[in-house]
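Shared between the two complexes below is chain A, which pairs with chain B and chain C, respectively.
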Partner chain A sequence: MSGCVPLLDEVLKQPTVGRPHFDSAESTWLAQLRQSERAVLAREGLPDRHNEAWKYTSLRALAQQRFAIGDREAGQRPVSETELHLPGIDGPRIVFVHGVFRADLSSLQEMPAGLEVTTLGQALSTGAASLRSWMQRPIADGAAAFERINLVMATDGVSLQVQAGFHIEAPVHLLYLGSETDTQLAWHARARIELGAGAELSLVEHYAGSSRSEQFATVVSDIRVHEDARLQLIQIQHAAEATTLVRHERFRLASRARVGMHTIEMGGVLVRHEIETLLEGEGAIFDTCGLFVPQGRQHVDIRLDIRHQARDTRSNATWRGIADQRGHGVFHGGIVIERGADGADARLHNKNLLLSDQAEIDTQPVLEIYADEVQAAHGATVGQINEQALFYLRSRGLPLAAARRLLMVAFCREILEGISPPSLREYLAERLTQHLPLSIKG
Partner chain B sequence: MLQIDNLHVRVAGKDILKGLSLKVQPGEVHAVMGPNGAGKSTLANLLAGREGYEVTAGSVRFLGKNLLELQPEERAAAGVFLAFQYPVEIPGVNNTYFLRAALNAQRKHRGEQELDSVQFLKLVRQKLAILDLSPDLMNRSVNAGFSGGEKKRNEIFQMALLEPRLAILDETDSGLDIDALKQVAEGVNRQRSADRAFIVVTHYQRLLDYIVPDFVHVLAAGRIVESGTKELAHKLEEHGYAWVAERQLEGVDA
Partner chain C sequence: MSDESATGIPIKPALSGVVNEAIDRRYGAGFVTDIETDRLPPGLSEEIIRAISARKQEPAWMTEWRLQAYRHWLQMAMPNWAKLSVAPIDLQSISYYAAPKQQPKSLDEVDPKLLETFDKLGVPLHERARLAGVAVDAVFDSVSVGTTFRKELAEAGVIFCSMSEAIREHPELVRKYLGTVVPVGDNYFAALNSAVFSDGSFVFIPQGVRCPMELSTYFRINAGHTGQFERTMIIAEEGAHVSYLEGCTAPMRDENQLHAAVVELVVMERAEIKYSTVQNWYPGDEEGRGGIYNFVTKRGDCRGDDSKLTWTQVETGSAITWKYPSCILRGNRSIGEFYSVALTHHRQQADTGTKMIHLGKQTKSKIVSKGISAGRSSNSYRGLVKVEKGAQGARNHTQCDSLLIGKQCGAHTFPYIEVKNPTATIEHEATTSKISDEQMFYCRSRGIGEEDAVSLIVDGFCRQVFRELPMEFAVEAKKLLEVSLEGAVG
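Presenting the complex of A and B:
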């Protein structure tokens, strides 16, 4: 397939002129690593729909597109002040525009004790020893073309480290912005987040943008949560409407580590979000809940891959989807309880609503158990809006559009409920109401 | 106020109402009784605008309008209220939010000033007291986890709040014990007024001991076959619906 993949043409080129950061201090081992990944990409190309992990998401149209690599003007593009803020989020702010760190837009003056923020750009330009931890991570065979593209192309990203025992009170805001460009642009970023033993962090990962130009972005994040540490993660994906966004997150949880995440997927035209979680230590707990709302021609593909590797680990996944018009949602909830992970408790629920005949949601819970004395529950449904409830609301005087919107918001409420601070939750409920499928607007 | 003429209604290919006529004036309470399958609930739901009912003949006029042309929400704004036989549980929709949105949507439709939250809550407290309902009901989701009695009382509370011109009670007595029945009936009776009419749909005469109707109609096989005063309800109770069927047959023979 690689022979006819315009998308990969730029990726497969040798790094030469015109790529900021790339060549200045790129270590030999990194150059070699990137070269070998390029070779794999050249050989394998992009996955097609025969690949089980891409069964419901076609990359054919994307493969035919060409994107300029990197935005030379990313460091200067104007960003309005309002784009930088979220209600109730007042901790340090780290801003990237087209994948390039913007110190001028970030807010890192008052750093809480125990929190260290660096960027991949810095590490690359100084050849820092930490580069290995940014770049050397195993990539699975077959389905991981975008992780490879990211590894080959990423020039910037953030490292957030919380030292052992430190509790970072104010939520940190990590913002990836897309801005208007003349050309079709690709950008790639990597993030490393590490919480030392007993540390606590609340993080808001936020994708936003209002450009009409087509963009292709990948973000790969490694998140390590050490013993007894706690991470609260809120992901707000509100990328511009013509954006193709592919994200891969890998969580590693040590003993008694705890991650609670809320994910709201609203933006983008083609969105793939892979959440890979390794529950490596005894008693680790991973909670994820999320919402995806494809409409128009949006395609949103959520892929959970949760592996219980140690005893008494717990996972709880609650995701909901609403598709309208020609929107297409895909939810793959994969849970593996590995040999030796006795006493594990895994729960996964995915409920979906279809609002039009042309909308589609494919949901696929997959549970594999190789351990003893585990508890597991999973379920997935796809249904229509409850006509009886709709009539009940209308019979009291609510217009059709308002009644449908009320039922939609109710359907989403369970996902929003755990989000704090409350001002952020209200803001998200409001954004969601505005975003909710066009056909229910009055 | 309400005039139903020669109404024929088909549901899922089956004729349910076959020439029903009924006239209701402001201030009147009409009881519609009848055996199971007679078309009582069809009549109630049709008037409120539920989908899936095909009117094949006849007309329904309400306060000078063709009711059948209106959407359910337009009927509500015009003053039609249906107390459901089975109130729908709607988890995640807050009762207060819903009722305020509903009331304000109706007021807006009628060109009246919308109520702000202070005005609304004042009204709510006043109406809750009438029905002896706990205020914390307002913070819960619509009907979610309510007992059978709470659901029915909540219907009557909503009626009190929305102040319709025509209230249709669809088997409001079903599933209620005698105490709950009395409470519901009292809630209804307090709302009787010169400009408000009621259609009380019921299978049993029992409810009519507490909500005393001005007229009683017997619905059988899709038509009103007998009309009278409250005495008719007692006769029905005594003789059963078979008695009506017999009288019908006699009528046909004669």
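Presenting the complex of A and C:
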């Protein structure tokens, strides 16, 4: 596919975009980088179904759409108070509306010691040397069109740094909000999270929105966890119903670093979430639990790429999917154990429920192993709700639809288990219950 | 054609028995026979195809079918998506037809030199075959030499002959089924095969007949620069049963030899086909030089209700193995099974697996894949379990296990699971391990030598698959694995 599709047309014809505070800090190298990435985009276009990494996800409809780039009124869009809070999450809050930082909605006054929060624009203007290297992050060939789009178009973003040895007690809330607009809108943001040696952070990354108009958003995040540091990450994706959201996260774990992740994908109409993890240091541990529940006409495509590069590293991926009505769930769980990564322990399980004639599940657990002293196992299943359990509930007076929904929520419970605080866990269970349809017919 | 020297056993000075044995165990079938062969000049064109068809005295419809396939092939490009590193193949430098000049009319007229070859390979057509009650269709290079026990099979109504003969004697049958399971345009190598296929087996089991004996075919590639392009078809009519064995061997060569076969199986209502393969093509030397490229398209169509197809394979040879014996589960309650042991050593590469396509209702599939990687080899399982919308109540269980021997090899799994029906139950699991130090210590502390211990453990690892092989093959398979793994641990 060449670059001449409407979506890319809009991307390619924009002059270097951005809000004033960002543009003014933009140095020559970023402009040159964006220029060269623009050229690659024009040449390669968007991936089509022949690209193996996009085999089950069609971009044809998206490619034909035009979106206004950026929201000039992002700084003024009204946001209700309720949208800003999550039960049990009372630490610093960083809010973006349509990819633009909103100081007025954020809560950064009482910053815990050891935590530094800056926005991308601010960071560039101080010209911190390290920023250059992560803005210029390596982009793999092949299916990286959206990483390139994000690099070319990102208007803002957040940099979160925890100094070595500091434990941040209160969970930090990073919120990307979409708001009601009368036009089709696109926004792009970047994030950079870094935990110094021995640091600890709890972060809730939250996507929410109420707009009924179509939106297209990309978020690219780089997360570096240094030796002995620990990151607890909860991702709540509840974007607006007509949103196309593409996220790419790259995690780099140093020796004995530990990342525990819980991901709940509920919103959006086309969702692509790529999680790339490099276990670079000995003894690093990466746990990811996730849930995707495409309903209606939702299409959710999850792609894990976990690479064991050092000795005695561990990974554990437990993901569950429920596809109902005309939902389409795609899961690719890739584990690579490179030569020399002996002592690796890698596990991956993907269990799915397929609940209607029009729904579809495609799952691919992949193992590439180049070392021999490893333990690696994976499993994947696709099935339906247990008949006996359903009968049990109905025989106790629960109507079929309610019984069905109860069992679907029970299926999700294992993923919610590790989420704390309990008030957040119950809130998520409640949102999930509302999201899962009550009707049986698709 | 004697530019090749026979590689016999070299004259050895007096050495201990053990060492002698180890030297002798080098690839036993690595030798060539000096015999006149009739070859076409290298290259591929419509003229060559017409020449092949003419030499085989084929009817016009067959020639035309080949030409259509060739024209299709010209539009296609060689695929490169597998986890294989394949040196470019110059398809214009291969000769597409080589047959021994002397063509016997019956087994008694077979060239004694040919029979000697078969003796060396361990297939004495007369005696051992008769004792074992196995009918053997021996293919020497591109032409079938003779078929044993044709009379006995004919009494049962079973047709078991070469493809060339089937095209002449049973054209209506061939025409009815040819290309219906693997269409000409299915993939690059199937198209090539359809254009230039030389020979293969044709088996037809009529309604209600249980084939009285296990059928077997024996292949050999002899002259250099010839590709083997077999085409095999097995048709089992309603209620028919047949078990078919395929075992291959080839001589040592320096240039790679291409083997692009196509096997089409048709299973009708309540019929059953069991297709077993022991593949021992020359795998290349320790540095990966030479060796056969085994790019095969094998597919079975379970057309009738309650039909069953079982693929069993033990793959130890070839420099590169690229094949996915598959089942289309069309009939209601049809069953597809795939049992595989794939072993790679030195610099071999394998990308193999299966495709189970569930179309009918209440269909079942079972996949057991055991991969063993040693040396600097690369062994990938690639499989597809697809449940289409109308496939009510489909069931699948897949078990892929990999055994890694050594630190330089790779073992990979690429399963694709695509489900469009909510009443399906699909289960997939995979594990990877090595021969643990505890297991080795246990064996050695009981006086079992290192190599024997490895054989023992590998045998246990592959047990589930070996159980499915016909007994003679199971014995040969075990021996084959032992020989193939020598030098792997240490």
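The definition used in the following text is that the second predicted complex is superposed on the first by the 415 of 442 C-alpha atoms of A that agree within 3 Å, B and C clash if a C-alpha of one lies under 4 Å from a C-alpha of the other, contacts with A are read in each partner's own complex, and residues count from 1 in each chain.
Everything that follows uses one rule, which is that contacts are C-beta pairs under 8 Å (C-beta built on N, C-alpha and C of every residue); 3 or more make two chains touch, one makes a residue touch a chain.
None of the values given here were measured: they were computed from a predicted structure.
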First (chain B), second (chain C), both or neither touched by A:Arg413: first
Touched partner set for A:Val382, first chain B, second chain C, both or neither: second
Touching partner for A:Asp372 - first (chain B), second (chain C), both, neither: second
Greater chain A contact set [chain C / chain B]: C
First (chain B), second (chain C), both or neither touched by A:His167: neither
First (chain B), second (chain C), both or neither touched by A:Phe391: first
Doubly contacted residues of chain A, that is, touched by chain B and again by chain C: none
Residues of chain A defined as touching chain B within the complex: 386-389, 391-400, 402-403, 406-407, 409-411, 413-414
Contact footprint of chain A on chain B as seen in their complex: 48-51, 71-73, 75-77, 81-82, 84, 87-88, 90-93, 97-99, 101-103, 105-106, 109, 141-142, 158, 162
Chain C partner contacts - residues on chain A that touch it in the complex: 52, 56, 339, 342, 352, 354-357, 359-384
Partner chain A, residues of chain C touching it in the complex: 81, 387, 389, 402, 404-434
